[in-house]
Amino acid sequence: SDEELTTPDVQGYDFRGEFDFQKMLEAYATTGFQATQLAEAIDIAEQMQDADATIYLTCTSNIISSGLREVVAYLVREGYVDVLITTAGSLAEDVIKTAKPFKMGEWDADEAALREQGINRLGNLFVPSDRYVWLEEYLYDFFEEFFADEKVRTPTAFARELGETLDDPNSILKQAADNDVPVYCPALTDAEVGNFLYYYRQGYDSEVGIEILDDYDSLIEDGMLADTTGLIAVGGGVPKHHAIMTNLFRGGADYVVYISTGMEGDGSLSGAPPNEAVSWGKIKDDERTNYTQVEAEATLVFPLLVAGAFSE
Amino acid sequence: SDEELTTPDVQGYDFRGEFDFQKMLEAYATTGFQATQLAEAIDIAEQMQDADATIYLTCTSNIISSGLREVVAYLVREGYVDVLITTAGSLAEDVIKTAKPFKMGEWDADEAALREQGINRLGNLFVPSDRYVWLEEYLYDFFEEFFADEKVRTPTAFARELGETLDDPNSILKQAADNDVPVYCPALTDAEVGNFLYYYRQGYDSEVGIEILDDYDSLIEDGMLADTTGLIAVGGGVPKHHAIMTNLFRGGADYVVYISTGMEGDGSLSGAPPNEAVSWGKIKDDERTNYTQVEAEATLVFPLLVAGAFSE
Amino acid sequence: SDEELTTPDVQGYDFRGEFDFQKMLEAYATTGFQATQLAEAIDIAEQMQDADATIYLTCTSNIISSGLREVVAYLVREGYVDVLITTAGSLAEDVIKTAKPFKMGEWDADEAALREQGINRLGNLFVPSDRYVWLEEYLYDFFEEFFADEKVRTPTAFARELGETLDDPNSILKQAADNDVPVYCPALTDAEVGNFLYYYRQGYDSEVGIEILDDYDSLIEDGMLADTTGLIAVGGGVPKHHAIMTNLFRGGADYVVYISTGMEGDGSLSGAPPNEAVSWGKIKDDERTNYTQVEAEATLVFPLLVAGAFSE
Amino acid sequence: SDEELTTPDVQGYDFRGEFDFQKMLEAYATTGFQATQLAEAIDIAEQMQDADATIYLTCTSNIISSGLREVVAYLVREGYVDVLITTAGSLAEDVIKTAKPFKMGEWDADEAALREQGINRLGNLFVPSDRYVWLEEYLYDFFEEFFADEKVRTPTAFARELGETLDDPNSILKQAADNDVPVYCPALTDAEVGNFLYYYRQGYDSEVGIEILDDYDSLIEDGMLADTTGLIAVGGGVPKHHAIMTNLFRGGADYVVYISTGMEGDGSLSGAPPNEAVSWGKIKDDERTNYTQVEAEATLVFPLLVAGAFSE
């Protein structure tokens, strides 16, 4: 009854003998379930590069809270990524980390005790409050420069000019600034950046503003000017949607990889698998497999994707 | 060994005799697992009202895609909600629905076939493309008015003035406009609203803009002016974070209910349970139970929460 | 473009006016996402009854730990359920609850402290250790009777004869015994029942045994003798698989409702949606919608399913 | 404010220069979220070995459906595992794979079409029906031998004697038989093994039986005789609970690693994190970190755990 079944055999990695990481990763393709999805993601990411696609990387803020920040900075520095889209927490935290590290913490901490010690919890990471005191001062100086000539600026300008002030090679903003990679962040207010802008307007200059239509135009045009596009969405939310929505203008993204813990059954954008986006024309429908999703927490699989597709 | 255990017995609803909805809902309190969480949520929502709290409702766009739109409109109309925070899809879809309904669909549809028929899939809902053609025209007329006097406007002004043009009692924008409930939406570009603003700028007036700092100031002040605040976050993302972040300025929200499918273990803001926000000072730490989370898809439980806490 | 779309409009419940529970439940059908799944589940459960199907209810042990125990006992007592399939914890806990209640507890308790106080945690429920001391004694007396005539018995005989000793109308075992509903439980050892059988064999009679093939034969024959079958699987695991696997022998179950938090993408049986079982012939493929799944935690939705389909 | 914070800095892997797999895995420890959980799991698995613990590996059936079968067989062959606990599907599928492979498939296949072609879908794997025809014949011969001398046998004897008939080095049953590793499987009927036992009893010998108390005694004693125990639970269900429950008799397991997609909030055993088991005394409470959980689909992370802790 299986005459027609010409697909590969299910077969896992053979651990006997010397361990070979690349072979193990290849064996993921025939291991099944999400391992196969990851192998497919690596394959699609390689196709993006072979096709010389304009690559968009989107990520949620917690990715930058985590040690994946350094991995994202690497991708930008090496020229693998052409457009970054993220949320405001990423910007705040990337700047902090250029001066003071986040610390390893615990999921089940006593929140009231932490509050008293001035320690903020972010999953299993701890962020002492002094980080934000430092950030406030850093940003005040920056705001003065940033709004000096023009009162109303854009999030991409904010990210770029802020990045230029930094000198940590592991900073995503610095690498983006140095490598001409725009960083889109429409909801720029939704993090400490927004809080300090509030204080700045209250205390120094009530007329400064952030305008978001200009950036949206540029993002649409990034897509329309590109011959081929590839999206890697790490997590969901606004960044993921911003990437697929603006790719609609060019008839859909050509190559797409999602890494997500989202649940399809809640009807959310974050949980929507790539095929939903095909019906909208946000992802191209193709004969070949040009999109996939890995259902996994990103810190587990994003380094493997990078090791498999974006490293020597 | 259980001398100290003075908590209630675990005991479910007794279905014998005539069915009594309120009794069934009360039995959730002693049913355990998420039923108990829902009963706690109802209790906290009632406390918000007893304390005359300023109530923030935050929701993701798919809530408005679904039949919960009518429930949110009801809450605004009846004066139960004082501040709405959402994402851009909510605005686009609320307007469409004043003229043309969304249709029931299927999860497992053939995406390429849908694409050919001009049907967009959103979970198990279908949205024919003509809705967006209609929306584009509707918005063009609106944009002209909206930007007539001032070129640079805010998302709350956008929502309010757009709401004023509508006359469907089930519209959240109309009810918000009529009842002076501000609708915050920092990432206003991230939906068809943004696309049509792009076209508008290309075709009619390249100088119009959306500025987001003004709104953030107001949202912070909504919180600082309130004696007591209560948050109901339906889903996560920017809306949830916007509400807790700005409540930081007043020393934390007093009452909080989250309804979420998010996963705590991914370190995301969407999956973060309320106690994480306590460490940041975004939610007040209290002797009494003043916050809870229901881990569930919202269409299942939000009507129960409203039936339990916000209806006669 | 939507000429062909003859499906209902997406439309939620209208909370204005007097609250009507049945109308609210009906509105779930057009609310979308999981609400629609629940409405479909209610509809299929009603079809089971109209078709006079032999109804299998399968549940995991935690369902009996929770207040859903009383709901399951109700379904058995009222004759709505013909076959019960569960895991061993259900039996142990159902018996305990006839004498001593479980208590409401907390998710985030200090485990070491609980351990010292002799309190076992089960999600947000607490079970003081004295319950198990009591159970041990109760079962010893029962074992003596149970193994008096035959040394090697079956799980169904165990459940039935144990049920006959109980006199709590909320006991699933008592109701099953009284109403001739077999209770299948192949992994009978995997709970305190197994532990006390171990002690009993060590201390009293090393020759007693539990044989599981006889029961499997009966379960297969339950299915083959039935004209029509309906399955309601609350949670996954062995009980769910036992029901669908034995329905294979009759060409598949006719009506199927799953309630589950399982994840499809892990390839697990627990997460597998009904359509996977169609490929195996475990569920019949039908023109009409004869199966569905609600992705939700059961304590939230099972009472609604019962209220909608199994109550006056 | 962070004087006390002596935990490591959050810091991801540095991809510059030549890729070093072990260094990347080490960097998981300070990457945060689930990466840190995985690093902890590797560390605990190494501690198990340093302490010369009796290691229990538990897995659900789909693990053996996937390419992790070969990885489990490797662990048994190399002597890393002392006790295996699983469900019945594992036994059926391991035997089939000694003769005929499972094939790679697709999640979104047309189920009715598959049914007609005689292809069974298991997540994204395909299993042509001829596999089960072959298995039926193979097992008939085996049953004859197996029940020849004794009519009532145990699951462990079944697994061992079946394993002795096989000669595929990638077979978990063969490696277990060769290396004296008992394979516990209390719900032995709940897979095709049970179906063919049914036919065998109908057609050949109605008196054969499977008794499960003997095995439970042995499993308890495996634990009581061990100086130190370590558990690795891949997935949940009966296997996971069987391991922790029988470790109760020795005062709890010493080292525990869970890999699971289960949800804590549903109160299920599969979703219960290790600390819940501490309150029951199923896991020892220790000063050091002696247990952890990785929230992930196993095919993604189990190979990494093995590469990090169980390979040269």
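So that you can tell them apart, the chains are marked A, B, C and D in the order they are listed, and the count of residues begins at 1 in each.
The rule is simple: a residue touches a chain if its C-beta (ideal position, glycine included) is under 8 Å from a C-beta of that chain, and two chains touch if they have at least 3 such contacts.
Predicted, not measured: the structure shown is a model, and the values here were computed from it.
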| item | value |
| --- | --- |
| Chain D and chain B - chains in contact with each | A, C |
| Most remote chain, CA-based centroid, reference being chain A | C |
| Equivalent interface positions on chain A and chain D, same or different at half | same |
| Gap in Å, rounded to a whole number, between the CA centres of chain C and chain A | 42 |
| Chain B and chain C, separation of their C-alpha mean positions in angstrom | 34 |
| Mean-CA-position distance for chain B and chain A (Å) | 25 |
| Multi-partner residues of chain D (at least 2 other chains) | 32-34, 37, 62, 65-66, 108, 119, 123-125, 263, 265-267, 275, 295, 297-299 |
| Category of the chain touch graph - line, ring, star, complete, other | complete |
| For the chain D and chain B complex, residues of the former touching the latter | 32-34, 37, 108, 263, 265-267, 295 |
| Residue ranges of chain A touching chain B (in the complex, touch as defined) | 60-62, 65-66, 87, 89, 107, 109, 111-112, 114-115, 119-125, 152, 186-191, 194-195, 197-198, 201-202, 208-217, 220, 235, 237-238, 241-242, 245, 248-249, 261, 263-272, 275-276, 278-281, 285, 297-299 |
| Residues of chain B touching chain C in the complex | 1-2, 4-5, 7-16, 18-19, 21, 24, 27-38, 62, 65-71, 74, 101-105, 108, 117-119, 123-126, 128-130, 275, 294-301, 303, 306-307, 310-312 |
